[in-house]
Structures are given as C-alpha cells and as structure tokens.
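Multiple structures are listed underneath, in structure tokens.
First chain A sits with chain B, and in the next complex the same chain sits with chain C.
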Partner chain A sequence: MATQQSTSANPKVNYKYRRKKAKQEMRQHVTSFALMIFMTLIAFIAVMAGFDKIYVYPILLVLAAMQVVLQLYYFMHMSHKGHGTVALFLYSGVLVAFITVLTFVTIVWW
Partner chain B sequence: MDTQEKFTSRTWPESPEKTTLEGKNKFLGFWLFLGGETVLFASLFATYLALKDKVPGSDHYLAIDMYELPLVFIMTMLLLTSSLTSVYAMYHMKNYNFQKMKIWLVVTIGLGLAFLGFEIYEFYHYVHEYEHTFTSSAFGSAFYTLVGFHGAHVVVGLGWFILLLIRNTNRGLNLYNAPKFFVASLYWHFIDVVWVFIFTVVYLMGMVG
Partner chain C sequence: MSTVAQKKGFLAVLWDYLTTVDHKKIAILYLTSGGFFFLVGGIEAMIIRIQLAVPDNNFVSAGLYNELLTMHGTTMIFLAAMPLLFGFMNAIVPLQIGARDVAFPFLNSLGFWLFFFGGVFLNLSWFLGGAPDAGWTSYASLSIASEGHGIDFYVLGLQISGAGTLISGINFLVTIINMRAPGMTYMRMPLFTWSTFVASALILFAFPPLTVGLFLMMFDRMFGANFFDASMGGNTIIWEHLFWIFGHPEVYILILPAFGIFSEIFATFSRKRLFGYAAMVFATVLIGFLGFMVWAHHMFTVGLGPTANAIFAVATMAIAVPTGVKIFNWMLTMWGGSISFTTPMLYAVAFIPSFTAGGVTGVMLASAAADYQYHDTYFVVAHFHYVIIGGVVLGLLAGTHFYWPKMFGTMLNEFLGKITFWLFLIGFHATFFIQHFLGLMGMPRRIWKFLPGQGLDMPNLISTVGAFFMAVAVIVLLVNIVITQVKNVRVGNDPWGDGRTLEWAIPSPPPFYNFKQLPLVRGLDPYWIEKMEGNTKMTPAEPLSDIHMPNNSFIPFVMSLGLFIAAFGAMYQVSWRASEGESFVWALPVLIIGMLITIGAMAVRSLKDDHGYHIHKEDLLDDEEGGRE
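Presenting the complex of A and B:
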C-alpha cells in the first residue's frame, strides 16, 4: 500500500545496509552521551571552582544549550529527514519561552 | 495496512513509528505538544527566576544555603543515563527485537525511579531541615512548582512506560504499538531536556549566587 515505505529490489542487501546504518547511528548516540556527560562535569566544576558569576553564568548557559541541542538532534532524531514541521512547532515554543523568561527577569520584576 | 500484521526483522519497515497514518499523526501531534510544554516550563522558570530568594524574613533559608551539588549531580547522571537507555530501547525497536527493547525500557524505568527517590528525599530534607515548604515563602512556592512539575512529568513518563509494557508484553511489536513506544521515548527525552535547564538555572546558578 501507499503508506508502506519502499524497500530496495534486493531485501537482503537492504536489510544488511539498514542494520549497519542503525549501528552507526547508535555509536553516534553513545558519542553524544559521552559529550553530554563531559559538559555536565565541566558545568559542575565551573561552579565548584568558585569563579565570579559574570564568567560562570554564560559558561553554564552555553553548556546547557549545547547539551539540549545534542539531546534534540541526536536522541530525539531531529537531525533526520522529515522534521521540518517538528522544528517549526518546537522553535515556536522556544521563541515564546525566550520572550516569557526575558520579560519576567527584566521588565516585570525590576 | 493492517496494523496487527506480523512482521519479521527483515520485513519490518525502516521507520515503523511513521509507517501508518496514525503513527505520522501521533508523531506530529506529539511534537506540537512538546512545543506547548516548552512554553509551560518557560513560564515556571520565569516565575522561579523572578521569585528566587524572595523570602519574608531573614530567618528563612536561601537557595545558596540549601542546595547540595553532590545530590544534584547524582540525579543528573541518573536521568541522563536513562535517556541513553531509552535510545537503546528505540534502537532495538527499529531492529524488531522486542525482548531487548523491553529490557532497556525496564532499565530506563529503574533509573527513573531512582531519580524520583532522590527527588523525594531532597524535598523531604528541605521541608524538615530548613522549613522550606510550598507555603513558607514566594521562593518556596516558585521552587516547588517548577521542580515539582518536572517531578510530576517523571511520574507520568514512568507510568506511561509501565502501562505500555504491561499492555503489550505478550503482543510483540507491530505497527499499532511501535508509534506508542516511540512517542513515549520522545517524552522521556524531553523530561531530560527540562532537567538540563533545572540543574543549570536552579541549582548551579543558585549555588553561584
């Protein structure tokens, strides 16, 4: 039927190829996991080192943003094809989220 | 297509979560929901940032007095690892290996429960050691609403995984339940995304001052 994804003429070759691709992707996931652990460690160390908050805050926020990008694009597969609408939904949410936080920490309470 | 059709690992489609129309709709609808969740948590984060350390008297403890980095670090590692194990579960789902998928989901549930246990301990500790409760100050209300909402998401995520496993344990994988497992794992990853901001904005930035 139309909803069934087409497979190549030789299912055996296709199967092997898919398994290999899945395995490669899994290895990517483990790499991004290691990177995320690494970034978490740096964030905790930066706080424990006791530097001034002017230096620590930007480092923490950049590390968090990088970790979230890894989570979204690798663990949640946003790097795959067919995620255009998904990106629209998510980034619309992120835009409103950003404005909300900006408003609360600047205009509303100061 | 018959969603109950039996597959083998060779006939199993490449993206089983998006092969049926229902799966495609679930996938899109769920991401729309996640966009909304982002806004929900942003409003809670914004409230927390505005009300942090806003206490009625000097006898109240502040963020920097209460938070403990080792506890937050353990919780972070538990949730981050559970995110990886649910990726493993989806890897086996795509390879049509139902048994291994179930094992990794059970590991994910175990890590999630451990996280929840630490969170309950943390709240208990704050209430009894520091008298930091939901009603003790604006700071308390904002803190428990934000972190508690995340904790509630963990509870829902765990319940979702457990119900899916119980319901489908003898059924095997098919195009009817593959999208369900996939969407539940997306939800679990999103919980970790929110936690990244909680440990950064609430705990780490709270410890810096």
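Presenting the complex of A and C:
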C-alpha cells in the first residue's frame, strides 16, 4: 500500500527512516519465521510422540491459528497502519464462520 | 460519452456499451438486462397464475409448470432483483460519495458481463431441452434425480452469474471504503450508500457458500461425485444448509438497498433530514449481521430437533427489532415534514404497511411450532411475496422513478407513474393477501392444479385477477418510459427540487468524469447544506487539474464469453438419461476452448499494461460550465 511510504520531502530523512524501518521489520520477520518453524516442530513432535488424540487435536489447532496470525501480521503487513477496515472484515468473517461452525457442532448435529 | 455532444451510429454506440467501464453506462446495462429478465420472470408468473386461475386447469402441463415456477423464482431473485439493484448502486453510489468512478472500473464491467452471460445461459435452457425444475432452492434430493440438463443449466448459469455478483460486491466495498470525497466520513454517508455497503459485505460472506454448494452439485451431476447422495454415503441435507446459509443473507442483500432507496426518498420528499440517522445505520448493520444467524428457519421441518429450532426461532424474531427501528424512523421522518406525494414518495409510503405485513407473517413463520402448519403452504408464498414485492420491487419501482432523471436526464411522466403505482399496489395486494388464507386453508405451494369444491376456487381466481393488474401496471410503466424517452425533455441538476445528496449537485446525466473538482463534504446531506446557505454549487475540495480515466476494454466481455462457452462443454460432456445415451464428442473440446478463451483474455489483461488516459485541465475548462480556479 502506498500509505507505508514516508511522505517526507527530504530524501535524506526519508532514507534514514526507511533504513530504520526496514531493519526493524527484518528483525520481526526473522523472529516470527523462527517462531513458526519452532511451532511446526512442536506440531510434528506432538504427533510423532504418539500422545492421545484428544490432546493432539487442540494443540495442532491452536498452533495453526497462531501461525495464521503471525503470517497475517508480520508477513502480510497487517501490523502496519491503514489496515483497520481489512482487519474489521477479516474478524467479522471469522466471527460469522465461527458461529456457523459452532452452531453445526452444537445444536444442528447434536 | 464525449464532452461535446455528437451523433454516433448504432454500431458505434453498441461497441461503446460492449466495452464501457463507466459506472453510469454499466448501470444502464444492468437496468436494461435486469428489466428484461424482470419481464421474462413476470411472464412466467402470469402463466403460473393463469394455470391456477380455475380448478383442474390444463393450461400448461405438470412438467412445464415445475419448470415455470423454478425459473420464475430463480430469474426474479438472481437475474432481475439483484441486477436492478446493482443498476441503481452503480448509477448512484459513486455520485453519492463524490467519486469519479468505482474503485475497479474494469472489474465492474466484468461483473456485469458474467451476470449477463450466466443469465442468458440459464434462460437458454428453455430452448435446449427443458428448464430446471427443482424449485429455485433446487434441493439436492430432488435435483440430483432430475432428468435432462435443466439442473445443469441452473448450476452452471448461477455459478457464472454468482461470480459476477461477488466481483461487483467486492468492488463496491472497496469503492465505499477508499473513494469517498474529502469530508465524507462514514457517518456522513447517505443511507443508500450505507445499505449498499452492508449489502456488499453480505455478498462477500454469503456468496462463497452458494459457490461451494453449486460446485458440489456440479460434481454430483456432471463428474460422478456423491456429495448429496445418501445411498452413496453423502448427505442431502448439506445442500439445504449451504443453500440457506447463502439464501437468507441473500434476501437481505435484496432488501437492504431497497431500504436505502426508500430512506433517500423519505428524506427528500418530506424535506427533512432522515430521522435517527445513526440508529438507521446501526439497524442496517445489525440486520446484516443477524442475517447470518437465522438460516435454519427455512429448515424447521427438516428435523433438526427442538433445541436448534428454538434457538433459530428466537434469533429470527430478533431481526424484527432493528427492522422495527427502521420502520419507525421512516414514519418519524415524515412526521412534521412538508411532504409532497410524488410517484417515488407514493411507493415509499405504500411500502411501509406492505412490508410490515410481510414482516408480521415473518414473525409468525418464525415460531417453529406453528411453522409446521404453515410450512410448504401458500402462507409462505404470501409471506415472501409481501416482503420481496412489498419491499424490494416497490423499492425498485420507486428508485426507477426517483433516479430516472439522474440516469437519463429526462423525467418520467408523473401522471402515468401514479397510474402504474395504483394499479401495481392494488394488484399486488389482491394477488397475495388472499394467498395467506389459501395457505391457512391448506393449499400446498408448488402444486400444478387443485380440485374444485374445496373452497380454493374463488380465492385463486381473485389472485389471478390481481396478477393481471400488476402486469398492466408494468406495461403502463414501459409506455411511460418510451413516451418519456421519445419526447426527450432534458432536465437540470436537481429535477425534484429537494435533492439532498451529492448526486443532485451535478448535471443529469452527469459528465463521464462525474465531478470536475471533487466536492468538499461538510455534513450529512451535503448538497442540502450548501443550498440552505444559498450556494448553488458544492464547494470544491481541490484545484482544477487533470483527471485520470480508465480506457474502455472489450476483455471483460471476452472473459465472460469464454466461461459461457465452457459451460456448454461441461454440461454436454455427460450424457444424461433423458438424452437417450446421446454422446457429444464435441463437448470436451468446447469445454477446453472456452476455458482457453477465458484464460487467454486474463493473460492479455495481465501482460498488457493499460494506464488509461488523462482529461486535460484545458479541456475541462472548455466544458460548458467551467470549473472554479
């Protein structure tokens, strides 16, 4: 999105600012990438260690949800400014889908 | 349209419309093709009513009757009501928010052509061996057993036009979020824009379930899958869930923009600010949200059990609350206003009791226990025609009269308009009010004929007579349109004299770039504010400068045409039982060629840069009115 670029007229300030931002962002990228690999490892270990399915399923689901959030915020730039409406639509979609699924597993297919 | 008036040949005009990406021209395309399908659906309805006019009638055969009722419902919802609403959204929303076009003009055109080809494909079924015959809901237990290609036409046609609708919905979301004029905050948006916004969000969330359902149905019927076949381990109820998870929001997709049109009309002709604007916005959003929580009220008798039925019953009744808020706000808008009863205002005033009657029977149907009695009777038919005709169609007719000057620059004749209104209103109530009682007497819906001497004869005859009133009303409207366009008396910016929102601040029809300078919005009903301060024009928010415009493109037409061709291939590569084992060797190549056309068109679009063009400042200054610098 165009809103991410600094609008400063001074190219030097702009350059310095961008350098700093880029550095920060790179650190976040690497951190979240490491986290994601770590979580994937946990998922594999949980399955291979042969725990009971009742424990493995929720662990896998929670890890998956965390991975999606990391992906959205640190790789697809939702942490940046100007994504409020996108987030609103994303969350309302998630809410509607969640309630629908919840309805099915609780009252429809009791 | 050029800034200089010039005569163009028919072919040039046709080419212009085939390639246009201008939201105002796409609006006219939506209006004409939606209007055409409205007439087709209307003729189907008239045949249904003639068949049911007298007991034991043999006007049409039983099989044809099933096709007629299926195509009437499908056509009216998908090919008439939605495109007509899209027509008004396209014509008005960009003007109301002070934008020069929608966010993605190319996609706007693609959305239209997908809808158009999907609709044509669906209706070609009449000439190619029989239309779909499993009802507009096309319940899987019935439709996967339906012989012939009827259901295949339904599945593929709706899949194509549904993609177009989804594209258009997303386009309006992006437009309204990103392209509002300076000062046009969310809480200053006119209510038609708000309801378009919410309806587009509903399209975004509701159409994917339909797409999934149609996709599964397509595989069941054409590629040997068994998603809905219980004997093969499938589940036929899944279709009903998928269909209604889409289908209930769908009816709000229809009614919310109609609410928006009425809100504009009430405020304009009561010469008052809309009462309870914030509450209206909140109610619109709430109706949209609740619309996703109630789908199973269409399935009370499926056997979901008392818990599910009770919860869905309560959720359904909850929708009456925001709807009631809106009804009272409209009445309070009129309260103490200086009302002028123009044709649009007549429709708006008649809408309140008509729609409320439909809402009340809706609450009756929502009581799950009582619904076992009403289910599948004419009571349901009466209910949904009261909300859809009393709400959506009255809204469309009102919008036609109200926005006609803005779209075409001419004013529909008020006298003929009022004749249309009275004929239509009387006909509508005569047709459907009595159907409540037919339903309560036990007449099932979707039956081909009924026997004499069961007390059903007279009410059915009255109902048919009412339908003829509506047909005459529509003919009067068409005559009105022809007379108006032939006379061609041009009108100015604000032909109603009381326009409140931005679209009335610019010429009718607007120049192709809409706003020479984007207007500065200083509050709700910005044009009214300026008028009250003695200004004749909006205050510009930017200096006059070059305007960037998109180029016309033929690619959307080609993309949609490719899918249209591919659909024939997909359909005829199965030899369905009724086609007597006929095998079509050409089917698979046609499927591949069609897909290649679409993919090729997409590739051309992706690889060829199209930067559009600029209208230069000097040309804008030359344009008659001249901008302020």
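Methods note: the second predicted complex is superposed on the first by the 92 of 110 C-alpha atoms of A that agree within 3 Å, B and C clash if a C-alpha of one lies under 4 Å from a C-alpha of the other, contacts with A are read in each partner's own complex, and residues count from 1 in each chain.
Keep in mind that, in the parts below, contacts are C-beta pairs under 8 Å (C-beta built on N, C-alpha and C of every residue); 3 or more make two chains touch, one makes a residue touch a chain.
Predicted model, so just to flag it, every value in this text is computed and none were measured.
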Inset, instruction - Once the structures are superposed on A, label A:Val62 by its partner contacts, choosing first (chain B), second (chain C), both or neither. - result: neither
Inset, instruction - Using the touch definition from the top, say if A:Met26 reaches chain B (first), chain C (second), both or neither. - result: first
Inset, instruction - Examine A:Phe89 and indicate which partner it touches, taking first as chain B and second as chain C; both and neither are also allowed. - result: both
Inset, instruction - Pick one for A:Arg18: touches chain B only (first), chain C only (second), both, or neither. - result: first
Inset, instruction - Name the contact category of A:Phe75: first (chain B only), second (chain C only), both, or neither. - result: first
Inset, instruction - For A:Thr100, select first, second, both or neither according to whether it touches chain B, chain C, the two together, or no partner. - result: both
Inset, instruction - May I ask you to name which of chain B and chain C touches more residues of chain A? - result: B
Legend entry - Which superposed partner A:Phe44 touches (first chain B, second chain C, both, neither): first
Legend entry - Shared chain A contacts, counted only where both chain B and chain C touch the same residue: 85, 89, 92-93, 96, 100, 103-104, 108
Legend entry - Residues on chain C engaged by chain A in the complex (per definition of touch): 173, 177, 201, 204-205, 241, 245, 289, 292-293, 296, 304-305, 307-308, 311
Legend entry - In the complex with chain A, residue positions of chain B that touch it: 1, 9-11, 13-15, 18-21, 27-28, 31-32, 34-39, 41-43, 45-47, 49-50, 69, 73, 76-77, 80, 83-84, 87-88, 91, 94-95, 186, 189-190, 192-193, 196-197, 199-201, 204-205, 207-209
Legend entry - Partner chain C, residues of chain A touching it in the complex: 85, 89, 92-93, 96, 99-100, 103-104, 107-108, 110
Legend entry - Residue ranges of chain A touching chain B (in the complex, touch as defined): 1, 3-5, 7, 11-12, 15, 18-19, 22, 25-26, 29-30, 33, 36-37, 40, 43-44, 47-48, 53, 56-57, 60-61, 63-64, 67-68, 71-72, 75-76, 82, 85-86, 89-90, 92-94, 96-98, 100-101, 103-105, 108-109
